[in-house]
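Note that chain A is present in both complexes that follow, paired respectively with chain B and with chain C.
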Partner chain A sequence: MKLPFGRTTSSPISTGHSASLDFAQPEPVDLASGKYVKLWQGPQHPGITGNMSLELTLDGDTIIDCKTHVGYLHRGFEKLMERRSFIQNFTVVCRIAVPEPTFNEYLYSHAVEEISGIEIPERATWLRTMNLEMMRLASFLMWIGGQGGAFGQYTVANWTLAYRDYVLDLFEEMTGARIYHMYIVPGGVRAGLPDGFEGRAREIMDGAEKLLDQIERVMFNNTVFKARSKGLAIIPPEMIDPYGIVGPNARACGVKRDLRKDEPYLAYDQLDFDIVTGTDSDAYERAYLRLQETRQCISLIRQCLDRMPMDGAFQADMPNVLHWKVPAGETYVKAECTRGEYGYYMVTDGSELVRRVHVRGPSYTHAIAVMERLAVGNNIADIAGMMVSLHTYPPEIER
Partner chain B sequence: MNLKDLLSPFFVWQRAFEKPYTSIRPTIDRPGAPAYRGFHINIADTCVGCGSCHEICQNHAIDMVAVEEYLGREGDSGLRPRFDYGRCCWCGLCVDICTAASLRMSNEYAWISEDPTVFHFTAGVDDKPWQDNENGYRRAEGYHLYPPKRIEMEMLPANESVSSFEEVVKGYSEEQAKKEADRCVECGICVATCPAHMDVPDYIHSIRDGNYEKGLQLMYRTNPFPATCGRICTRRCESVCPVGILGEPVAIRWLKRLIVDQVDASDYQRILADTITENGKKIAVIGAGPGGMSAAYYLRKKGYAVTVFEAQESAGGMLRYGVPSYRLPDNDLDKDIDYIVSLGVEIKYNTAIGKDIKFEQLLENYDAVFMSTGLSVPSSMRIHGEDHPRVLSGLQVLADVANGRDPGIGKKVAVIGGGNVAMDAARVSRRFDAEVTILYRRRISEMPADEEEIHESQEEGCRIVQQAIPVEIVSADSEQQVAIRWGEAEMVDDPKGGRPRPVLQEDRMHTDTYDSIISAIGQGSNLDYISKEMHEEFAIEWGKFTPGEYQHTTLEKVFVGGDFANSTADAISAIEDGHHAARGIDRYLNPAAYEEK
Partner chain C sequence: MNDLMERLQRDFGVDDITVRKPALTTFRVKKDSAETLIRELRDREGYTHLNFMTCIDYIEDGIFTLVYMLHNYDKKLSLGVHVDISRENEDMVSIHTLWAQAWTYQRELREMYGINFPGSPRLEEDFCLEGWDDIPPMRREFDTKEFSEQRFGHREGRHSEEPRDHMKVELYPNRGGDEK
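After this line comes the complex of A and B, so read on.
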């Protein structure tokens, strides 16, 4: 199929630059020749939630080299955690990925629980599962807005960002806060569901489903969107493993990889869902796959509401957290976040402080190595859309 | 490009007629969710100022500041949390850890000021519009950041304990003690409340670290009777422990006991490393009870040659002769006393002042005298027939048992009184196979005895008759028996607001016959060994001293302490009196060392 800007679906990158695994350094360009322009894009970058810069070398409006620059959001969370008690850290970790704090809360808590041998009650696993799926929904809604906005469709951005606030309302009710919920705590969760929550949650899920149908009509069945996203930034299958590509970015390439299915945690083995995969691996395919996963989220939240026990303990018996010493140990725990595998590596030495925490967010590979690779050969106008289609959050790169 | 994709986006126009999402502030106010983590609320009257909120706050956003209104309140540090909203991250951990559940959050979140320096306040003390907000975050039921329940203490079952003098409380294992020690929030309110101001949080910390030697050192700083107090202390610390507000207080007494039980007496010398430099001055201590021995210990440490005069054949005073060995075994009391003696404290046993040596002689021969002879004379019931040979005193029964003599109480006994001596006498009688009835003039809930003691005596089969006033002792048919006439009482509220008063109901009188009646309604001091003139000089009232600063009396060389010089009349107060008097004596004899430079 012939697309505007000289691209076709079968030959995605019009400048002839191959996306195969070619690790050779690009030819150095002679900036003095006047043929090329160096352009600094960012750190207020439209393609990303947070701050990050791209150093682009352009030949006309075609990118021939891309370097990423991070560090604008470095707050040293991993180091901060080494100076705080185990209970205090759970209020820190949520800040590592602003639009998806819950995955950090869960993984941090899970790592501590695993090392100290704490088993959380069943009700807590369900509450956690639902909380994580609500987070996925909120994050996807924000992402749809970004993807639409990056291609000039601000209407869709307004719809989803506004609707995301309804999901945040649910968080506010359930956890006491809209963004930094601090709900999943080592040992379980901080509270059960408030009165009448189930009804309101179902109502918002119904609305979200309707909204997604509308978005499909307006954004996905849209000549402009298709023209700009189809064939853009194709990730070939041979890039997936060497580049550590995970989540929807990998699934859009046909790789059936989802930790919720592959290594079920929490209550995921009791929920009905299938891994969504795509084939074309371009920006459109990834976007469409995320739309389907957003629908899946709604279904999972409903299933959680149907199946979770509504009473019983939601916290394991805990030691006094004021002088809590976690036994010496080491663990790596992971979960499928909105953008793929999210991991926490934790080492403890038996003291009241954690010895080392390392946070592995999918953005680290997606926003740096993958981005630098995919940008080359593309038009500068597509950079923002391409970046959003990789769905990355700089704060989790810098931790 | 197909036509459908070209037309489909025009669907957006349909939404032009939908209700907008946004609400317009400040026209429309949007309150936070009912459990929103907004501005802090503190119920300052409920708060005890334990500072756990301050401790858990990772942002140092909470300072504990003194609030005059609450200074000096029993079981209250007088401090209240002051919040700095330039630092707060609204995590609400302070609310979660609050031991008194006084701290919560409102669902208000807007506070606007042009002045950036105003955003801190003492919650519940400074007037804020959200203080009375009913909504907001509070800790959920069933969510705890420290275990609210105490580790259960293993006890001898009542059917076994009643037939022996074996210690009833078995003591924690090391593992249990570590778990129990873990519950402490280290607020230090116990330190302020303990008459001896023991370093409770620190020695509990040493249990968590498994460092019992350090624990022992910490305890000896303020109390040379840890083995004793670890068993029978009246533990006012536990009654104020903030962990006990919502759950059960930390078992401070049992933890103290564990430390002592873990350290062998032969290691005391090495661990405590008390080195003594003689200063050539001599002190006389009258009475080898907890007050006297405590004074002796701390004086000896300061280099004084201390001689203790004891009328009985063993040291310990009421601890030995008034507390039965199922609560305080002799060898544990000896562990404390032996260490004090090992430092070179001389005890002259069977030496009664006034009889064997004159009080005046002590004044002459010693640089200072510390008196701590306690309350050794049973109070009279002041009823007719009290001098009947089958009416015994509780103290006498306990002393007989302590000396290994049969108290001769018979098989059916009535105990009069509701204090610890009454409970002890009753439980000892049960161990001599007697059927025991306790008569108390007020209600069980008003008994001065330890709640635990009351409970255990009932467990062991003592029957408590409350609101029973003894009226008369009458002879029974047999000489081996005695009868008591007693009447039921009604509780009448005191119009002045004091505690309700029992009033005898003359139409409801009873007469019961017993093998013996044990009177344990209190005790007074025996001060026969000081002359009448001196009585006046000391300004003794009702047999009790009112010591001045550092336990000093009106007589230059004389210091006093213990039951006859304080209102609480318990071991820990006597120990503190002794310690305090030691400081006073040192100040008196060595004033140069205390002069301000």
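After this line comes the complex of A and C, so read on.
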């Protein structure tokens, strides 16, 4: 089938559109001709991740152009941070990626610590590592539900979202909050583990493992799921660097990159795990890779419980938060979140306010440049599943 | 890294080279050489990953500092390329032909700081502020508090304090907020 602006696809319902590396933008189509339809998917739509929208141009059922629109969640976080004290920013940073606030807390704290030259106690590094892995587990459980739901498997969505609540219970015990924990602060963490936490955490990890086995049987062996996700939105390896693709989206096509291994931080160099990779980065492969990484997460949490010191300081000596003086400096810190490289770039000028913070979220490229390229040539019915398979969070795009 | 920096100093006249940490070095390059240098780093030195592109507003000096963060996956090193441009003549060479994601950053910088990147695709399209008619909001002279007060006005029963002054009074009530 011939599409406008020189693109071709093998059939009206394409499931294997390979992204072009042509950086040129397509010419607008003539809507007045009556041959094409413009359709908005989102910002309020069950098949969209968070609040964003896709402006789709369709030729029949086939997408011939896609434009991502963000801004529905823009609260100017980076601007707000420039006029708040360092500690006040904690109420802001955790809201930048709602399902994964912990990565924001960690990176913001770590950036402040690096510029100030603060060393954190060993126990705090372990508590932070476990907290980040628990966050990864909660986020992946939410994502599996989204991916199942996008292809009509709401049973899986109900299972995982319900089980995520048990992980949130653990967070509540550990930090006092279920979603926005504000647990990781410059100098360490706010508290150690409560009595009996280890036993309850192990019990929930055992249950999660069983749940993942069930999900593998029900979802990944399901004929409909396979038929709809295999060959959908393939990311070829040559697209990885030009588009800045990171995390499971890149690993699913065999690119062995994971910041936890490549540039270990916190206690990751003391944990046993391998980078999971795939071969063909289509929606199925990416989903299966994330399932394996969810299992890996459970193993990492158990290892943290086995190896972390249960006594000792969890917070370095810090002055009163209202009197923090962060010296002038600049740094870029990053961590591997569920979607890949998440980073904080911070510039300070020695005053009581931060000069500039830039938040680098993986969705910035995955949901815009990559999404717009991959959507072309696919069927309108697959757009929701494709979007979830890229695992995007809009708030980290508009910040 | 030292060899590379020496070569960049010689060929591109980079200065202000600072090792921020073992895996991150930053330096400054003139606007005219920036695109060629970044292309060279990508094609010949293995800095194939553009982590991000952003801007810092130094209103007191009348400049914007553009920051291109590049990463080399093999050497596990990052380079922060700083480029100073005038706040008054906010034009910068586009790098959308180097990375397919770069135009998104440039579109955002156009909206948030008013910097122009001639030739960059879809530059005029709104990024996340639909129908914005004020000055670009990430510029330092844009006051968010003043904007919200003007735009949304006073609401009965709503009262706000400057957090720092308020906390001083809360913490040191007997000293009238004097922390000494």
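The rule is short, and it goes like this: the second predicted complex is superposed on the first by the 374 of 399 C-alpha atoms of A that agree within 3 Å, B and C clash if a C-alpha of one lies under 4 Å from a C-alpha of the other, contacts with A are read in each partner's own complex, and residues count from 1 in each chain.
To be clear about the criterion, a contact is a pair of C-beta atoms (placed from the backbone, for glycine too) under 8 Å apart; a residue touches a chain by one contact, two chains touch by 3 or more.
Remember, predicted model here, so these are calculated numbers, not experimental data.
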Between chain B and chain C, whom does A:Ala191 touch in the aligned arrangement: first, second, both, or neither? first
Using the superposition on chain A described above, determine whether A:Val70 touches chain B (first), chain C (second), both, or neither. second
For A:Asp317, using the defined touch cut-off, is the partner it touches chain B, chain C, both, or neither? Pick first, second, both or neither. first
Quick one: is A:Phe140 in contact with chain B, with chain C, with both, or with neither? Answer first, second, both or neither. neither
Thinking of the overlay built on chain A, is A:Tyr108 touched by chain B (first), by chain C (second), by both, or by neither? neither
Can A:Phe151 be said to touch chain B (first), chain C (second), both, or neither? neither
Would you sort A:Lys226 into first (chain B), second (chain C), both or neither based on which partner it touches? first
Pick one for A:Asp165: touches chain B only (first), chain C only (second), both, or neither. first
Check the residue A:Tyr183 against both partner chains and state whether it touches chain B (first), chain C (second), both, or neither. neither
Footprint intersection on chain A (chain B / chain C) at 84-85, 88, 322
Partner chain C, residues of chain A touching it in the complex: 21, 23-25, 70-71, 74, 76, 78-80, 82-85, 88, 114, 241-244, 257, 262-263, 322, 329-332, 334, 341, 343, 345, 347, 355-356, 358, 360, 364-365, 368-370, 373, 397-398
Which of the residues in chain B come into contact with chain A in the complex? 1, 4-6, 8-9, 11-12, 15, 21-22, 32-37, 52, 55-56, 58, 89-93, 96-97, 105, 137, 140, 142-147, 182-186, 205, 208
If you look only at chain A, which of its residues touch chain B in the complex? 84-85, 87-88, 91-92, 155, 159, 162-163, 165, 169, 172-173, 175-177, 180, 182, 188, 190-192, 194, 214, 217-219, 221-224, 226-227, 313-315, 317-323
Chain A partner contacts - residues on chain C that touch it in the complex: 18, 20-21, 23-24, 26, 48-52, 54, 56-57, 67, 69, 73, 76, 78, 80, 96-97, 99-101, 103-104, 121-122, 126-130, 137-138, 140, 142, 144-145, 163-164, 167-168, 171
